[in-house]
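Across the two complexes that follow, chain A remains constant while its partner is chain B and subsequently chain C.
Here is the complex of A and B:
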């Protein structure tokens, strides 16, 4: 993971006195939580699509990337504030998701569940390849990041410093997850989506338009990816090749959390963020990814249903 | 039903191997290195696709960490070969290391089913890639003396032998008890277990065979390339390419991955030359179209077309 706050991630073992080491560790945990919230948001969309359509969209990271570049364009060309850009990126992603469902994944879900997974992997790879190539053409292969006038602002609590932008991103991520939770719990179509996830044949028998539920779930999942991308572009950095990394991160969180609980997914995201930060502190920056993945594989093998799965 | 399929598969095996025999003459007829490099790429792709086909096509376990075994084979073979071990032995060692590693992690990985196995193995591949990238960040280049003695035809014949071995392995597997047991697991693991198939043991054997072949292919890669980053053969694109070629051709068939690999390499090279800037975009879109239009790959599409052409009125379908 490339972050704009690279120095902070450095090994903290050089700290001479214990007090400073503790502060550094607490700082790492705070930064881990802030990043983990975005992991949770990135994973929520994937979890919804995987849980409801039973397809594995490996191009989810590329959808996150598109959301990031959407905000980047609005900022660079029209001077929009990245947080205000969410107002356009979210509906735009919703529409993109609907188009992708009608054009691609709608064909995939016609197949039997076993074949669905495999075909969705294939379509996802093709889509990831195409979107990656498109992004390189449109925005070049460089890392980009949105720098606002308040980008450098830091909130100091005791000895901890908290970047304001990342704190705002965490709050927005949580608000979106909470909104999704309410939507799934209260809204008519939210209930239909949950029923379809539970057992699509039973849902069909009770008169639920399963295809519509699929379409909505995919569109909402894409919208969440777009929102996550926007928040990544402002607090961290985006590039056309970020897709696989974020897909993997989202998959890790989805599997850790288990399917069926959006709030659980958010908590699992925070958990992964902190675990990565702590492992970076213990083993050095380059290994943060490895340790995160190892924890993931161990949990996956010991508890395949996830920590919060049903 | 089954004998007919076995007969057609036998015909395909003979046909493919005859094709390989013809390719053995190529270095004598053609002096152009670009042609030999191109065919070598196809042969390496056939081996990789066929190796993935064993675990995913026959045993039904979608292994998304296949690159890890290709990479392990490359790393082992390269290290031994540069250290003075004869290349064939070094490649065999690469295959062995890949298969042993697969058996070590297989027992745990096979606790996972379906999509979870796919996700778990994808993570496993990334763990190895990131670790190798951290431990060996420097590019690996052959010593000058070795570059001076570099003969493309040696690499070519090794690639040819390996591709033939992969086809023979799958042909032998497809008709054997072992292969039938794997296919039973692919169709319904619980039902296979209930009828006396030891699923875990068979899946482990499929994984060992598949990863051993991938390791040998990795060894060939290490022998062929003059310089590359040690983490490169661990990259996820090797898994994806094996998967794409296998599915384009026809997963779980003998000749599907061979046809898929040939088509894939031709298509990719052609698009690269024809549309330099847009080739990946076009390739991605084309690939999606193939998956959506022929979900069972070329083999199934051809089968369907043949059945439609030969169907007589009144004949049972």
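Here is the complex of A and C:
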């Protein structure tokens, strides 16, 4: 997920380089948007689980990693196209999420709301370690990525080059977010999930089986993680240790967006992607991780409920 | 129909209810009066399944409610309008009402229920696509009552429905309750507005310090010296 670029705002730049610098900048923005869409998708699942269950799943990044390896396996063993792999990875992740809820997080949500976060951190870190170890065992610690016949294809618009596979991933990420939005807005249980997020006691008194709403939200959140992982594996690369980084990215986006709006989360993801790309261009690659954390702190100080939060 | 026998409840070491026994018969309007902190909301919470009583029995049509999750209690025909309304404020009036008919039994009759609610509160029909947060307090209370009615309850429990509402709307809410009752729904009402509650209710219980200290029919309690002094104020005693 790292794209390195030389600093373009350096002191040695002379006037004749301006056109090239603008193009470089635009190119960085495009790459930032393409990656940011995946940040948005990764964050949507975390946001849903946090908003509904009031549980912070720090193993969310590991669930993304599993989604990536799911697609990798389907590709390497069965020759599946990674985009087609989504058709199996998404339902598989949904099922995995349901199992994890029943086996682990279902116990966490029984606790009082103040204790939940603490307990969920313990359970989440435990799960993250276990999944990391499992992934190293199954797939070794090496970086992997899926290379399809069309992996090198590039769309050229003016002087910008857009990797086709990443563009496809962005489109799918957006489609999934839009589908999620519709699901929560229209579906009977989608409304029940939103009601539970807003006031779980009132939801109970309304006749909603809140435990089932939790189960559904966690399963859907895991499915989104799985889908995000698949898209990462095809446009970028995956490794067993990618989880923490993605959890952090998702958390930054959730804090920036606030809870309650999936489309807002997606937009915040794009924003973080672009901000990272620009800072990498301005200050050099190593600084791309820093900008996300700066955004994180600034938002917490200035607007704790986020840009789109209720 | 609803029977509480010797119910004790506590939060940690703090005893809230001690040996509460009461009943609400079919089609009855029963008020529960008492000062702040007497345990009125806790009592409703016990019946609705949000609070687990320490001891005692809570029976609904002969069946023990204590082991049931709140959503299953709603399914059995007991709906609650909680204190402070607790609406889903970011959703529309229509969504709130629709969620009220979430349990399978209520879902089967949700069209008729919705018509009934709109007949009872025509203003909600006009505002059905509005976000609940943008309504006035009184209109929000109508949504809260409407949401509970969507569950097709046989017993409607309300916690302080007149709290924080303009006086003329209090009248509208209480009139609506009388009309709901005429349709055969029993009502169990916790209310600060003692005079209004006693005028509406067939019977009332008085809860003080977690114990039932008085019981009687509405008009008799209105004349009762202790009730007048404690709940209607010194002016009422001189009246």
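Convention: the second predicted complex is superposed on the first by the 294 of 310 C-alpha atoms of A that agree within 3 Å, B and C clash if a C-alpha of one lies under 4 Å from a C-alpha of the other, contacts with A are read in each partner's own complex, and residues count from 1 in each chain.
The rule is short, and it goes like this: a residue touches a chain if its C-beta (ideal position, glycine included) is under 8 Å from a C-beta of that chain, and two chains touch if they have at least 3 such contacts.
Keep in mind that this is a model prediction, so the values were computed, not measured.
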Self-check item: Partners on chain A (chain B, chain C) - clash or fit
Solution: fit
Practice problem: Once the structures are superposed on A, label A:159 by its partner contacts, choosing first (chain B), second (chain C), both or neither. | Solution: neither
Exercise. Could you say whether A:201 touches chain B, chain C, both of them, or neither, answering first, second, both or neither?
Key: second
Practice problem: Examine A:248 and indicate which partner it touches, taking first as chain B and second as chain C; both and neither are also allowed. | Solution: first
Practice problem: Quick one: classify A:114 as touching chain B (first), chain C (second), both or neither. | Solution: first
Quiz item: Regarding the shared-chain residue A:289, is it in contact with chain B (first), chain C (second), both, or neither?
Solution: first
Exercise. Would you sort A:142 into first (chain B), second (chain C), both or neither based on which partner it touches?
Key: neither
Exercise. Tell me which of chain B and chain C touches more residues of chain A.
Key: B
Exercise. Give me the angle at the C-alpha centre of chain A between the C-alpha centres of chain B and chain C, rounded to the nearest 10 degrees.
Key: 80
Quiz item: Closest Cα approach between chain B and chain C after superposing, in Å?
Solution: 10
Quiz prompt | chain B and chain C footprints on chain A, overlapping residues | solution = none
Quiz item: Where on chain C is chain A touching in the complex?
Solution: 48-50, 69-71, 74-75, 79-80, 82, 86-91, 95, 98-103, 106, 147, 151
Quiz item: What residues of chain B sit close enough to touch chain A in their complex?
Solution: 62, 64, 108-109, 111-116, 118-120, 122-124, 126-127, 130-131, 133-134, 236, 240, 243-244, 247, 251, 277-281, 283-285, 287-288, 291-292, 295
Quiz prompt | Touching residues (chain side chain A, partner chain C) in the complex | solution = 188, 191-192, 194-195, 198-199, 201-211, 260, 310
Quiz item: So in the complex, which bits of chain A are touching chain B?
Solution: 50, 56, 104, 107-108, 111, 114-115, 117-119, 121-123, 125-134, 137, 244, 248, 251-252, 255, 286-287, 289-290, 293-294, 296-297, 300-301, 304
